[in-house]
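Two complexes, one shared chain (chain A), two partners (chain B, chain C).
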Partner chain A sequence: MNDFLPNISLMLDSVLDSLLWFYPELVLGILFILVIITDLFFSKRFQNAVFLLTSFGLGVVGYFILLQLNAPSETTVFSGMIRPDKLSTYFKVILCVVSLLFLLFIRDNKELKSHDKGTGDLHAILIAVLFGMNLMVMSSNLLMIYLSIEMVSVGSYIMVGYISGTAKQTEAAMKYALFGAVCSAMMLYGMSLVYAFTGTLNFIDPAFLSGLSSVSTLSSGIALGMIMVGIGFKLSFVPMHFWTPDVYEGAPTPVTAFLATGPKIAGFALLIRLLDSLGGTKAALDFNEILGGIALITMIAGNFSAIWQNNVKRMLAYSSIGHTGFILLSVLAFSQAGQKALIFYLSIYALMNMAAFMLADYIEEKSGAKNLDEYKGLGQKLPLTFFLFVIVLVSLTGLPPTAGFIGKLLVFSAALEMYNSTGSLLVMVLIIAGALVTLVSLFYYINVPLNAYLRQSNHEVEITEIKTFKIYLSLFLTIIILVLGIFPQLLTSFIVI
Partner chain B sequence: MIPVTHFMIISAILFCIGLYAAISKRNAIMVLIGIEFMINAAILNFVAFGAYDKEVNGGQIVALFAIVLAAAGVAVALAIILNVYKYYKTIDPDKIHNLRD
Partner chain C sequence: MSVLSILVFLPLLAGLVVIMLPTAQQGRYKYIALGATLLQLLLSAFVYINFKTGADFSGVHQRRQFQFVEQTSWINLDLGTLGRLQIDYFMGVDGLSMPFLFLTSLVMFVAVLASWEIKTNLKGYFALFLLLDMAIIGVFVALDFFLFYLFYELMLFPLYFLIGMWGGVRREYAAIKFFLYTLCGSVFMLLIIIGLYFSVTDPLSGSHTFNMIHMMDPANYVGGSIFSPSAGQQLFGISARLLAFIVLFIAFAIKVPIVPLHTWLPDAHVEAPTPVSIILAGILLKIGGYGILRICYSIFPEAAIDSSWCIGLIGVVSIIYGALNALAQTDLKRLIAYSSVSHMGFVLLGFASLTAEGISGANMQMISHGFLSAMLFFLAGVIYNRVHDREIANFRGLSLLMPKFTAFCMVAFFASLGLPGFSAFMGESFSLIGAFTSESVNGLIPRWMAIGGSLGILLSAAYFLWTFQRMFFGELRLMGGEDWRIQLTDVNTREKIALIPLALMATLLGLFPALVFEKMNSSVLELIRLVNP
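Then we have the complex of A and B:
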């Protein structure tokens, strides 16, 4: 113990210096406490207090993140725990926007608003989860990975089971919690093995790579594979995708929209971090090839399963699995151009999914239609809604003139560039598969306009399209998607790496 | 001194027992117990190898964090299972299948 005493002042100084890079998270921490206090004492008198405080707080967080974007840190801070570099700051911008959209979404969701528990606690959980996701994209230490993934996971379990108003919701929450806990326990065991092999938890440390290379491929493969299980749960790639459709269907729609975007994007950032430290040398086994295989299977499985779905949220869940496979392709093609393509695609992906779930939620609230065959004849009754829905689905498919097309184009060209430089057969197969599943995805997306416009319903119901806040919000998102489809440089010029 | 391989073997056995309990899933509580086994297997590894990492003490720190996080996760999972029981009157994951393809 006495050996450490002279170092204490040095350590304290380094912590204080590191705080400079931690402003967004500090604000989130303070905000978390403030929101709980406000919800306890003031929410009865001022109904909007919690919402206003949270959105104002997230605005401040966004401001600090933008400040960080101008002056990112080149080194790790907090003695190698986190690395707030430029790439992670871009991810933090996306995550902050996703959280803001989620906040607006729950404000206009009948199911959550009308519940007597209120949405105050949900705001606090959102802030905690955003804190976890920010740590996730910055982490450079195995302990930080575990800590942040658990922070996000535990928060998301509560989000899914927040109302528990129906049997399905509790079932979704239970499946999510049990599956997630098993995956994170496996990840922790994998980390303990990696720690045993390398003697360090800091995965950008050179000792980490050399330690992994010194053991047999089988041992390091098992250990790293177990860590991948934990990340794979967040990304929901095959074979860790079983929970996705069930949880997406059962959870309240705003929560589904959040799960499909926020934690997934943070998981991709984490994957890039880890691959970055493993790459370069043939450390253990060729992870790129395994991930390429996973990407291929995920693309095919996600898109083909989506064809048979009748429930809209289930269909969107499988389509998001398909998108995961596609994004994995851009993670593999992670060069200078690949980074740009990935960030562009992920931001568009977040906007598209948010808009799609908002519209599905609106249709469900207005007409009670949860399944595709119940959409029959709704196109005339809810004209604006379905018009927007079709544009969003076109963008999810990746057809012009939407931003989804530009995103796919950027990913494909980054992958082609990688093929030209490496000549890897796997990349070529992935590119071809990516193009083919885009065609397949048309088959299930087209079911929405097909039912809504061309088929007639047997029983007539009176529905009037009352434009709520949610419709204006999705109109706004759709306009962004269209504008970015025509002028992508509005966003790409912003991404300078 | 006990050689470190012994710790590894015990933790591997613990992990396998936990994984079996989690996968055979007769009862949601049993799954949670299995998860606890797996986490404790990992903690055993961390503490055993922490002895070789006296400067940073990474293993010991992870063990402390893992214990706390496991407790938090279990608390949330138990609350969710309680809610499931309210609707299904069973906590056998195989019998709870409203959501499926």
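Then we have the complex of A and C:
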């Protein structure tokens, strides 16, 4: 014990130094406590107190993240636990925006607003989840990965089960928690194996790679595969996708929108980190090829399953699985080039999905239509809503002149360049599959305008389009999607890597 | 801001005005659209008159020989190791594209006049209509492949909704079929565009570019890149450039349409409301032909020569198969739709011959078919509007009831079947002359194809004359009896305003084909020099 005494001051110094890179997370931590206190003691008197505090707090967090963007850290901090470099900071910006959108979305959701519990706790959970996601994108240590994923997961379980009004919602929450628990257990087991092989938990440590290369392919493959299971749960790629449709359908719509964007984007950041440290060596196991296979299956399974969905949220869930496959393609091409392509695509992906779920939610609140065949004839009654919805879906399909198209173009460009340099047939197959599923995705996206505009409803219902905050927010997002489709440099010029 | 930009964005502006105007004023929408298209017509007439001809203005693959050029940097993204993504707002016209501007403007003007029949949801209709107008003009003037693709895809949505919302009974089926067919072609086109982008560099800036004109010069290709002519890369066992040519050709051929890929056309044309049928037949099909010349032939010339025989064969098959199908139709609109397939076959035959006569003839055929098919669909719409029926067998002796209508029909039918003195004769005969001489000039397609093509003229005479005889001659006998007799009034002034310019153009181009030939001659020669040096 005495041997360590002189080191204590050194360690304290390093922790204090590290805190410099930790302002956004510190603010989140303080905010978390403040929100709980405010909710407990003041929410009766000032109804908006929690919301105002949270949004103000997120603004401060965003400010600190932007500051960090100008001066990112080159090294790891907190004894190699996290690495707040430029790439992770870009992800943090996206996550912060997603959380802000979620916050605004909650405010205008009838189901959550009218719930007895109120939305105060949800705000606190959101802050905790954002904290976890920030750690996820920065982590450079396997334990940190586990810790942050668990933090996000536990928060998400509560979010999904926040209302649990019907059996379906309860089932979704239960399913999510059980599935998540199994996945994270497997991931933890994989990590312990990796630790046994390499003797380090720090995956950017050179010893990590050399340790992995020294054991047999089968062993390292199993260990890494198990870690992938944990990440795959967050990304919902095939075959870890079974929870997605049920949870997306059962959870309150704002939560679904959040799950489809926030944790997923954080998961991708994590995957990039991990692949980055695994790449560069010719370890016996070619991880890229396996991921390529997963990307292919995910693209195909997600898009084809979406065709047979009638529930709008389920359809969007499967479409987001399909998107996962496509983003995996860009993650694969990532090592070669195109960090910009990926960040651009993920930002647009977040905006598109947020807007799509907001509009679906609005339509459900106004007309009670949850299924596609209930959309019949609504195009005339909710003209602006469906106009926006169509544009957002066009963008999700990836057709011009929307930002979704530019994102697709950038991903295809990166992939084709990778094919040019490696000549890998798998990449070519992935590219062609990516083009084909665009066509497939049209089959289900088109169901929305098909029902809304081309078909007439059998029974007349009086619906008037009262424009709520949600509509203005989606209008704003749609305008961004269109503007970025025509002038993408407005966003990309901010991304300097 | 030059005249081309105004031409492109004028409809968009008018569309915005339509959206802004409250629904209470929906009676004015059509006049706004009419004003916009009329202005557009005047502007394209201005372009036509000021278009310079001669060897110095042939265009095709020489940047400085294009006219009314606009070029500014539009998207400029730094993609790290991928280099810079350089996309220009680059527009210009040469002899290959200029005639289509005038065609588009006139057909659009006629289509607005035909839109008087639209009664529901006028705001949506005219907003989509004008958006479509913008996209079509954009396709013809874009010289940057990215910009081209943008406009090309932008055409899809308005058409989907125009067919799907205002169409006939089976509109849902027709709209989705049309959409999927076209998207099927264009999704793969996107991959080729990206591949070309990485293969070509701008000789000035050194960065990759979407500039079509740079893509036409083999010197601009990066050595060893996927589409480099010298590298001879292979993909799935065949030459990458040939594969790219085939993919692009299929994308455009779906639009033309060629025979195995034509099945969307009868459905879409028949189910669409009259104005949209007019646009589909009058302009949309020509985008396919234009794309084949401007992109497939110019960027992949050697692949074009290699595939000439196949393209010629597809042309002949389309001519004969389309004509035989037309003979069997009982629905007037379906008959016209299949006659379009047949007539567009001549275009492919002319292209395949790669002779000056053939390509000029093919272009002439496209222009002429643009005017004539617009006229035919308008005429079919006139009957349909009055009695909501277009079965040929349900009408007889119409000449007694509607003499003026019969006169217009006579002009349209006789012009379409290739009677000398009308534009279609010029187009078809020049295409056939080109196909016939090809064997001795460049040996690309055999003579029997020309002979097969001329069989198509015979068949088209058969189905047009037979239809004319059945519907207009003999004693008046109508399916709907007295009701129909009252409803079937002769053409009114608005319809005359739409029909007279079309009939006039068909005769004018038949008597003075130089009006078109002269404007595009040097471009055609330059194209042939580029493809087959």
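Definition applied: the second predicted complex is superposed on the first by the 493 of 497 C-alpha atoms of A that agree within 3 Å, B and C clash if a C-alpha of one lies under 4 Å from a C-alpha of the other, contacts with A are read in each partner's own complex, and residues count from 1 in each chain.
Here is the rule we go by: contacts are C-beta pairs under 8 Å (C-beta built on N, C-alpha and C of every residue); 3 or more make two chains touch, one makes a residue touch a chain.
Predicted, not measured: the structure shown is a model, and the values here were computed from it.
In the superposition on chain A, no contact is made by A:V312 with either chain B or chain C. After overlaying the two complexes on the shared chain, residue contacts for A:M228 are found with neither chain B nor chain C.
Of the two partner chains placed by superposition, only chain B is touched by A:L147; chain C is not.
Using the contact criterion defined above for the overlaid structures, shared-chain residue A:M191 touches chain B, although it does not reach chain C.
Of the two partner chains, neither chain B nor chain C is touched by A:L112. In the superposition on chain A, contact of A:I65 is made with neither chain B nor chain C. Within chain A, no residue touches chain B in one complex and chain C in the other.
Residue ranges on chain A touching chain B, taken from their complex, read 142-143, 146-147, 150, 153-154, 157-158, 161, 164, 166-168, 170-175, 177-178, 181-182, 184-186, 188-189, 191-193, 195-196, 199-201, 245-246, 249-250, 305, 308-309, 314.
Those residues of chain B that touch chain A in the complex are listed here as 8, 11, 15, 18-19, 22, 25, 28, 31-32, 34-35, 38-39, 41-43, 45-46, 48-49, 52-53, 56, 58-59, 61-62, 65-66, 69, 72-74, 76-77, 79-81, 83-84, 86-88, 93, 96-101.
Remark: chain A residues 336-341, 380, 390, 394, 399-401, 405, 408-410, 412-414, 416-417, 419-420, 428, 431-432, 435-436, 438-439, 442-443, 446, 449-450, 453-455, 487-489, 492, 497 touch chain C in the complex. The part of chain C that touches chain A in the complex is made up of residues 75-82, 85, 121, 149-150, 153-154, 156-157, 160-161, 164-165, 171-172, 175-176, 179-180, 183-184, 187-188, 190-191, 194-195, 197-198, 225-226, 235.
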